[in-house]
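Chain IDs A, B, C and D follow the sequence of writing; residue 1 opens each chain.
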Amino acid sequence: MPHTPTGEPDAAPADIAPVDVEPLVQLVSPTGERVVEPDNAGYRSRVDHLTSEDLRALYRDMVLTRRFDDEATALQRQGELALYAQGRGQEAAQVGSAYALAPQDYVFPSYREHGVLQARGVDPVDRLRLYRGQDHGGWDTEAHNVHLYTLVIGSHVLHATGYAMGIQRDGAVGTGDAARDAAVVTYFGDGATSQGDVSEALVFAAVNNAPVVFFLQNNQWAISEPTSRQSRAPLYQRGEGFGIPSVRVDGNDVLAVYAVTAEALERAHSGGGPTFIEAYTYRMGAHTTSDDPSRYRERAEEDYWARRDPIERVAALLRAEDGWDDDWAAGIDREADALGERLRTEVRQLGAPPTATMFEHVYATEHAQVQTERAWFEQYENETNETTGATR
Amino acid sequence: MSETLTFARAITEGLRSALESDPKVLVMGEDVGRNGGVFRVTDGLQKDFGEDRVVDTPLAESGIVGTAIGLALRGYRPVCEIQFDGFVFPAYDQITTQLAKMHYRSRGRLQVPVVIRIPYGGGIGAVEHHSESPEALFAHTPGLRVVSPSTPQDAYDMIRAAVASPDPVLFFEPKGRYWSKGEVAAGPYPTAQAAGGADVLNRARIARPGTDVTLVAYGPTVATALKAADTLGAEGTSAEVVDLRAISPLDVTAVAESVRRTGRCVVVHEAPTFLGSGAEVAARVSEECFYSLEAPVLRVGGFHAPYPVAKLEHEYLPSVDRVVDAVDRVLAH
Amino acid sequence: MSETLTFARAITEGLRSALESDPKVLVMGEDVGRNGGVFRVTDGLQKDFGEDRVVDTPLAESGIVGTAIGLALRGYRPVCEIQFDGFVFPAYDQITTQLAKMHYRSRGRLQVPVVIRIPYGGGIGAVEHHSESPEALFAHTPGLRVVSPSTPQDAYDMIRAAVASPDPVLFFEPKGRYWSKGEVAAGPYPTAQAAGGADVLNRARIARPGTDVTLVAYGPTVATALKAADTLGAEGTSAEVVDLRAISPLDVTAVAESVRRTGRCVVVHEAPTFLGSGAEVAARVSEECFYSLEAPVLRVGGFHAPYPVAKLEHEYLPSVDRVVDAVDRVLAH
Amino acid sequence: MPHTPTGEPDAAPADIAPVDVEPLVQLVSPTGERVVEPDNAGYRSRVDHLTSEDLRALYRDMVLTRRFDDEATALQRQGELALYAQGRGQEAAQVGSAYALAPQDYVFPSYREHGVLQARGVDPVDRLRLYRGQDHGGWDTEAHNVHLYTLVIGSHVLHATGYAMGIQRDGAVGTGDAARDAAVVTYFGDGATSQGDVSEALVFAAVNNAPVVFFLQNNQWAISEPTSRQSRAPLYQRGEGFGIPSVRVDGNDVLAVYAVTAEALERAHSGGGPTFIEAYTYRMGAHTTSDDPSRYRERAEEDYWARRDPIERVAALLRAEDGWDDDWAAGIDREADALGERLRTEVRQLGAPPTATMFEHVYATEHAQVQTERAWFEQYENETNETTGATR
């Protein structure tokens, strides 16, 4: 069988310092130096206003996201979670893009965007209800303008597009009022790009000129399948084929991610329509706690990317530009410890919801089938309790 | 105030009243705008309500329903048109895994009041995929309401209730009845809570009272059942016709109440009987009327074969004769 | 020659034997290659049969089934893996409008021997969409065969027959049983015609003989029914357990024959009972055993609610207790 | 609401001679002159070998296709067909592309490719069985290497891709043996490009490097929706976003269509993988006989395209290069008349198939449910016949 040209170098070549794909927006090198080139001037200007307070805040959220990840993974190993999908390695892509959002912007995540949730203030314990098998959602979407995780790959990308069409109808686009103009950012993976729903979302967004940012985290793997099983063209080009301006960014460079997202949101807010962003990053962990990456990928590749850890990159930048305030850093470690402590305690306390919730909210108004079955079940439970003293 | 309208036009007027009463109502689908839909059900609506509220979408059913869900999350009430029964399946994933489950998934925090209008059923001499009855494929899924009107008045009342209801509704329109006429009286536009619980979305209707046998039907087969009842009446058998209106929820109470009186039951629908909605009716009636049933519940419906070519559809569809034959059999028991 | 295998491994070995016996057999799906599938059912097959026969596909279920149809038209026999029950729906259109209908559409000229393997059912403590039982949503559609094994031996025999069969087969694997063990004897690989008509794809099996009540189950609930039969046996009630194996076609003859002997029937499946396959069983048994039934047919299954969170799934799933309770009720009649 | 930039001029501008989109492969102008430009040299060389016999053959098939169309439309008006979808205006796109096929190549049409069927030798009467409601298919697919019409928009494009993957596995690609190397051509419309299945087909074809030609007939309309409701980028760019070489061709120029299809097939046959072709054309008739285009499009646009009739263009070319043999032309008219005559007679004779066929071929092997119902039905029919003397 003829082999497929991928148009993309393999993910794990030799031992090169810079990331190895072109074009790629990058503002900070893996070793923490600012990248100053003529063609990133526009993006550089978008991060000019970020103070060292901002850099510290980005760093803090990335570190807390990493700690959240480690604690959740540990909790799963201890049998406290049904499953967990690690975000390790994708903190810059997630936190950096979320920082660019206005409060009124709306997020449609996939299921791995713990860093986005961190930046949007979704309570860490709530973030784990789903993975504990205690709730199908877990947080108040309206309180954070973050929709629930969606597990059917790609389907939420259409919801995001429809939501953006609603924003248009509300007249909340192109008013010039920064507190009013709104947009949607939706996150999905390299695997998801193959789903028809994602392509249809690009169609709907383009023809409606909807204010939506398609934020693809190309973490190189869809479970065991490398990106070359999903596309033979670099994925950022996908958007262009639908008439959507597209850009590829170093997803492990939090400032570059912030800059391209800010640009995309400015376009969306002002009525310029959708943007497609490919954040080129790496899933450093397993797909989920059920997965064993050693079955399908090489240690050398993991090592290559370990040297491009997005958190180390911000740390290096902070060291270079902000000195490194040991007290401040220790404070963040204490915060992380407290987060871990809280998760270990409170997640364990997330018990089963009352049995009756099984029948609640199937419909918003009464439905005879649910009523009948619920009534039957309640009687059955009562009888069983009476006769056996326990349900089962 | 009451008017004689075709079935199709009753839906148009129901949609018009919804669009007028609630600025959040949208109509969307393929060719629903300038063209007014291939059955002209949305005729004139784009002219009156504009391109932002009556929206010609790209040709992608998953996209239509998926973006409608997003619009609903933003507070809109989209009414999606699927052009023909056989073309709803590209949207099946969005309907089954997203639309049906989002209210539950969010523990009631989110509502997705999306209506999906589907012209369905056969008898119009069409090509493949244009005559099917897939309602059971939706009614099995918790979270969806599945309804089908059989008269212009119900069509009008039910589409308005469906649009106002906070739950997603699959609205199956018996396309073979689009040109039938009836009186339609307007009424006040329902509130969301009233609409969800409205009789027209929840309760069966006695379309014709009778004493010897209960004929259960909905949508296109109500007319068949009524004709069969005429024939039977002429032969001295009094058939009661129950129009279910809703397949989910199924008004088992009303059906069982009727069967307890008549002792016999025949269910009629166009979909294949195997695992069709009649299976549920038969199972429930058999259970709930165990001591009143004089004969097994029989089902008259499509066969376990894909909808056939137009030239054979009248052999495939439940005919008056086949209904009468089934009644003869339950009476002979 | 017989061996003790896990249920999952029995399927692996069935697939291996199909790949060995017929060079046209392909295995395709997400992560089925190097990773061996998320349940390891295809473990080792790519290594042995190469990347052209055990194919890691893009993440797109419609694409998987749609290209499998094309491969079948070219003479191949693709076995598609859907990663979890809840993820089959993006392929629903291809399955329902194309796979099911192509043989009929072509008046028998074309065959599309595609197998779709779907790990299904609950009880494994998983997150949303990973525990569902959507079999009724396929069995209603003419043109598809829908089966589900309950033992390693059946798993082995049925996957081989499914692959060899000229018809499309939806092969539902009770994932909760993957780790259960049993003896598996190999046999000659079936021919196409023999496979389609094979007992394992068409006939129910008496999993345990009994005289007082018939328990009808398939896939994951056969074990539940057997346990319930044990409990009942201890209480002096002799329950016969019928393992349907196929939901389409349903072996009504076997079930009715049993119920005529026992006079009582309880159907058990994990899917919601409303319009679930048990509705068809109940409707048919009520019809065919009208004079032998001592009590209504009862159904024990999932409730009319989306599959709940893992922490509640054992309340949702049909338990041994609930089966016993239903038997108590039919016996009390 | 902000309006959408379409990146494409509206379909019906003023009264310009050449087709008004760029880039566009064209070899013959609307008035029948050869277009000789440096950048179409490669395509010109692909038609060099076509003799005037070939041109006459192309013309003949186009004329017969047009007559078929007219007769079928008339038959529908007389109630002899349930429905008919006219191909008028698309004869060059269909016949030209089909001419480039090798006998072993396989076609997956949509439902309007009557010109392809003509060129592949599918019997005209068989072509109308579906539209008569007498058969869901109508012809022997293996005899012509033409799959049946598929009515669920876009779904067959995946079948085509899978079929091409089968060709690869058969080793019938890249052997260099012109009688062996095979490929697939699949036809679909501008509306179909929005369907997820079509995008997924592009994904599967690209990553597998499958020998399939995606032949998009952009006839400007999907029923009442102009192409701008499906895409804001020119559609040929869609393929490129998936890494598939793409080209836009004047779909009313039969030689240009032939040339681009030949190029694509050469690529596919030799192992070069898929190609995406946008044939820019126009649906001169209604969508189907149930449709009334005056509800949604302007007469001026129809007039504009009437002047670009693909048949007139070949006729003009033949006049310019081949003289115009009146006897030959009259012969073709007689053939067309005979075709019309035959259709009028034979289509009327296509009666209902025997009732029992309703139950045949639901499955390839016996299925209890079908057997039971068939047995019941046969008994019912017999009884009804006995008691009433007629079924109903």
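Here is the rule we use: contacts are C-beta pairs under 8 Å (C-beta built on N, C-alpha and C of every residue); 3 or more make two chains touch, one makes a residue touch a chain.
None of the values given here were measured: they were computed from a predicted structure.
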{"item": "Between the pairs B-D and C-D, the one where more C-beta pairs touch", "value": "C-D"}
{"item": "Chain located farthest away, centre of subunit B as origin (C-alpha)", "value": "A"}
{"item": "Averaged-CA centre spacing for the pair subunit D and subunit A, given as whole angstrom", "value": "43"}
{"item": "Where subunit B and subunit D are represented by their mean Cα positions, the distance between them in whole Å", "value": "36"}
{"item": "Between subunit D and subunit C, distance of the C-alpha-averaged centres to the nearest whole Å", "value": "40"}
{"item": "Whole-Å gap between the CA centroids of subunit B and subunit C", "value": "31"}
{"item": "Residues within subunit C bordering two or more other chains", "value": "52, 57-58, 60, 62-63, 86, 89-90, 93, 97, 101, 104-105, 128-129, 142-143, 248, 250, 274, 303-306"}
{"item": "For subunit D, residues that touch 2 or more chains besides their own", "value": "1, 135-136, 152, 168-169, 194-197, 200, 203, 207, 229-230, 357, 362, 367, 369-370"}
{"item": "Contact footprint of subunit B on subunit C as seen in their complex", "value": "86, 89-90, 92-93, 96-97, 100-101, 104-105, 128-129, 136-137, 139-143, 248, 250, 271-272, 274-280, 282-283, 286-288, 290, 295-299, 303-306, 333"}
{"item": "Subunit D residues within the subunit B interface of the complex", "value": "1, 82-83, 130-136, 151-153, 191-192, 194-197, 222-225, 229-230, 290-291, 295-296, 351-353, 355, 357-359, 362, 367, 369-370, 373-374, 377, 380, 384, 391-392"}
{"item": "Residues on subunit B engaged by subunit A in the complex (per definition of touch)", "value": "26, 52, 57-58, 60, 62-63, 65-76, 90, 93-94, 97-98, 101, 103-111, 142-143, 145, 165-167, 193, 195-197, 202, 248-253"}
{"item": "Of all residues in subunit D, those that touch subunit A in their complex", "value": "1-5, 7, 168-169, 173-174, 193-197, 199-200, 203, 206-209, 228-233, 237-243, 271, 273"}
{"item": "Subunit B-touching residues of subunit A, taken from the complex the two chains share", "value": "135-137, 140-142, 147-148, 150, 152, 155, 157-170, 196-197, 200-201, 203-204, 207, 357, 360-370, 372"}
